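Before anything else, here's the structure in question.
A, B, C, D, E and F label the chains in the order they appear, each numbered from 1.
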Amino acid sequence: MLLHILNRSPATSRVYQQALVSMAPEDRLLLIEDGVQGALPQLVRYFDGLQGRLFALREDLVARGLEGRCEASVQVVDVDGFVALTEEAERTVSWY
Amino acid sequence: MRYAILLLGAPYSCQASHSALRFARALVDRGHRLETVFFYHDGVHNAARLAAPPQDEPHLVDAWVALSTEHGTALQVCIAAALRRGLLDAREAARHGKQGHSVEAPFELTGLGQLVDLGLSCDRLVTFGP
Amino acid sequence: MSAPFPSDLLVILRHGSHGTNWLREGLDAALVAAAFGRGVSLLFMGEGVTALLRDQQVGPLGQKGTSATLEMLAMYDIETLLVEEAALERFGLTAADLMLPVRLLSAEAIAAQPGAHRLVLTF
Amino acid sequence: MSAPFPSDLLVILRHGSHGTNWLREGLDAALVAAAFGRGVSLLFMGEGVTALLRDQQVGPLGQKGTSATLEMLAMYDIETLLVEEAALERFGLTAADLMLPVRLLSAEAIAAQPGAHRLVLTF
Amino acid sequence: MLLHILNRSPATSRVYQQALVSMAPEDRLLLIEDGVQGALPQLVRYFDGLQGRLFALREDLVARGLEGRCEASVQVVDVDGFVALTEEAERTVSWY
Amino acid sequence: MRYAILLLGAPYSCQASHSALRFARALVDRGHRLETVFFYHDGVHNAARLAAPPQDEPHLVDAWVALSTEHGTALQVCIAAALRRGLLDAREAARHGKQGHSVEAPFELTGLGQLVDLGLSCDRLVTFGP
């Protein structure tokens, strides 16, 4: 299981498509920085099919005023949880 | 576990430096070891010793130095990416006939081969891009 | 303000806070122009509309963000805050989610803006 | 080459030549790894497929481009050139338009690549 | 009449949408740098409605091996023509 | 006509510097005057006097200096954007207590107000972004 990390919003960049194409069925995706916009109900549809494997970084949501606006299916983790995700994954792949 | 970070974004232009520093501190707090931060592409600007950010913003170059001092993390800067971007230590400045330098210890200019070695020898390599 | 230009400068802001420095450096240009007595309009497009969200906080390491700067706009007589309505909808937001009063622009209204200012800067 | 990894390093190239320095700095990483005896695969995704187009020229001011570097890959024993087939189609291109022999990968085949290498670098 | 200048490919970035929304009916659009990919037959559809007002920079097409691949409806200009376009327009707006 | 260029991209990272130089030469060739190139955001790195690119690549800092010398074009660098990115002339270095400097003439550090004045006073301002 790999951890993919995405820092761009699906509203502005098409790089999320590259992340999705490159993910194996058990891989996880963590949204950080502007990528956390993808946790909004209007944008989370770009990540259909990742139920249970989609995460967003709490600190980046909070900084942007988005913490209370996330779709419930997205698992919100803090930076300690980010490290834990990297421990659990065999390796990480970053998309930016 | 033994971690390495690859940083590809410039400070004061994108969040990559902030994210990498935050992640670095969190992994150390969880008992891991951060062997090396490798600076490549625009990430080499993190080594700019002359950076003078406004006083109400975090000083990112100093933050890297503090991390290195506290945890023994190596700060390796790709020499080819650095030279073309104007980041030279005293030795490279002399070699290129330039007066003055823009990179100093604990940042060290090194070859890209180090990045590959790091990526293959550490347990985890985490990349922060712009 | 003399016709035909509603104001001298249109600053187009297309990025949110924290992720990049574009928003801050764009706002700095707007504030400087206003401080020098120029009329300035701001147009928030695309992801830029998220810059106006309420309840933003400092970023990692105390990175200060841009909310405080936005709150100073009125002091600088920057009162024309234009927002791409379609972008707000794309993010599932409404004007009530924003920290400042804004004017929502349709696509047609946006197309008229660059021609209505003497100078357009895109950030 | 020892199982289970077909090669040590997967370098993902997502940019064309000239517009940015990403392609060059990604290729440099691949060449250095190969020079140090590591097995390297290249995966061209998205706009990266245009890096392989025939008939590229130097850029403005004599900016040298990356074609010459690509032609050296075989000398460095970098022979696994993987190309996202859907991206080629998006640009209206076929393998015949490319300067080097490549292996076209379906979406399913791409999803298997990152897990099949010990290290993945994205440029 | 304004000249809008776009340097990103519609295949990777959504910024072309911002350029299109901001164009008045008589405005022109010049594709430069990676933006010239938009002159390819498969991608030019993103610029529907700009017939006669869509330009691409020859030098950037040539550098990328794309010169012979442009859709015929796109007007190819060299950098001297780029300057001429800025002369004819009241002002320029850049999208990147 | 009187032109100004706003350059927002770093050399050796994106094509913006190449495009701006190419455009600058073409407009001068057509008989126009290029008053000023204003460097903002990552464009300030174009003023890095220590840049040492490989010999088979164009030297972009030198190319700006040559343009300025030949055509009297001012090379203005936003001081706030420059300081946080480690680009200081001798005066700013002294003011911030730093040894050495990374920007020198004909590049001049100046305020952002200059950009607005330029944009409003010249006939054309053309922006090159990253």
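Here is the rule we go by: a contact is a pair of C-beta atoms (placed from the backbone, for glycine too) under 8 Å apart; a residue touches a chain by one contact, two chains touch by 3 or more.
Not measured: the values here are computed from a predicted model.
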Given chain D and chain F, the chains that contact each of them: B, E
Reaching chain F from chain C through chains that touch each other, fewest steps: 1
Most widely separated chain from chain C, with each centre as the mean of CA atoms: D
Chain copies touching (chain A, chain E) - same or different residues, decided at half shared: same
Longest centre-to-centre distance from chain E, chain (CA-based): B
Whole-Å gap separating chain B and chain C, where each centre is the average of the chain's CA atoms: 33
Separation of chain C from chain E, taking each centre as the mean of its C-alpha atoms, in whole Å: 26
Contacts with two or more other chains, residues of chain B listed in rising order: 12-13, 15, 19, 22, 41, 57, 80, 125, 127, 129-130
Multi-chain contact residues (two or more partners), chain C: 18-21, 46, 59-60, 63, 118-119, 122
Contacts with two or more other chains, residues of chain E listed in rising order: 7, 11-12, 14-15, 33-34, 59, 91, 93-96
Touch-based graph of the chains, sorted into line, ring, star, complete or other: other
Contacting chain pairs - touch in the sense defined above: A-B, A-C, A-D, A-E, B-C, B-D, B-F, C-E, C-F, D-E, D-F, E-F
Contacting residues of chain C [partner chain E, same complex]: 12, 14, 45-46, 84, 86, 107, 110-115, 118-120, 122
Chain F residues touching chain B - in the complex, by the definition given at the top: 10-13, 41-42, 45, 48-54, 57, 61, 80, 83-88, 92-93, 96, 98, 100-102
Partner chain D, residues of chain B touching it in the complex: 6, 40-41, 80-81, 111-113, 115-117, 119-120, 125, 127, 129
Contacting residues of chain E [partner chain D, same complex]: 7, 9, 11-12, 33-34, 37, 40-43, 59-60, 62-69
Residues of chain E defined as touching chain C within the complex: 2, 14-15, 17-18, 21-25, 27, 90-91, 93-96
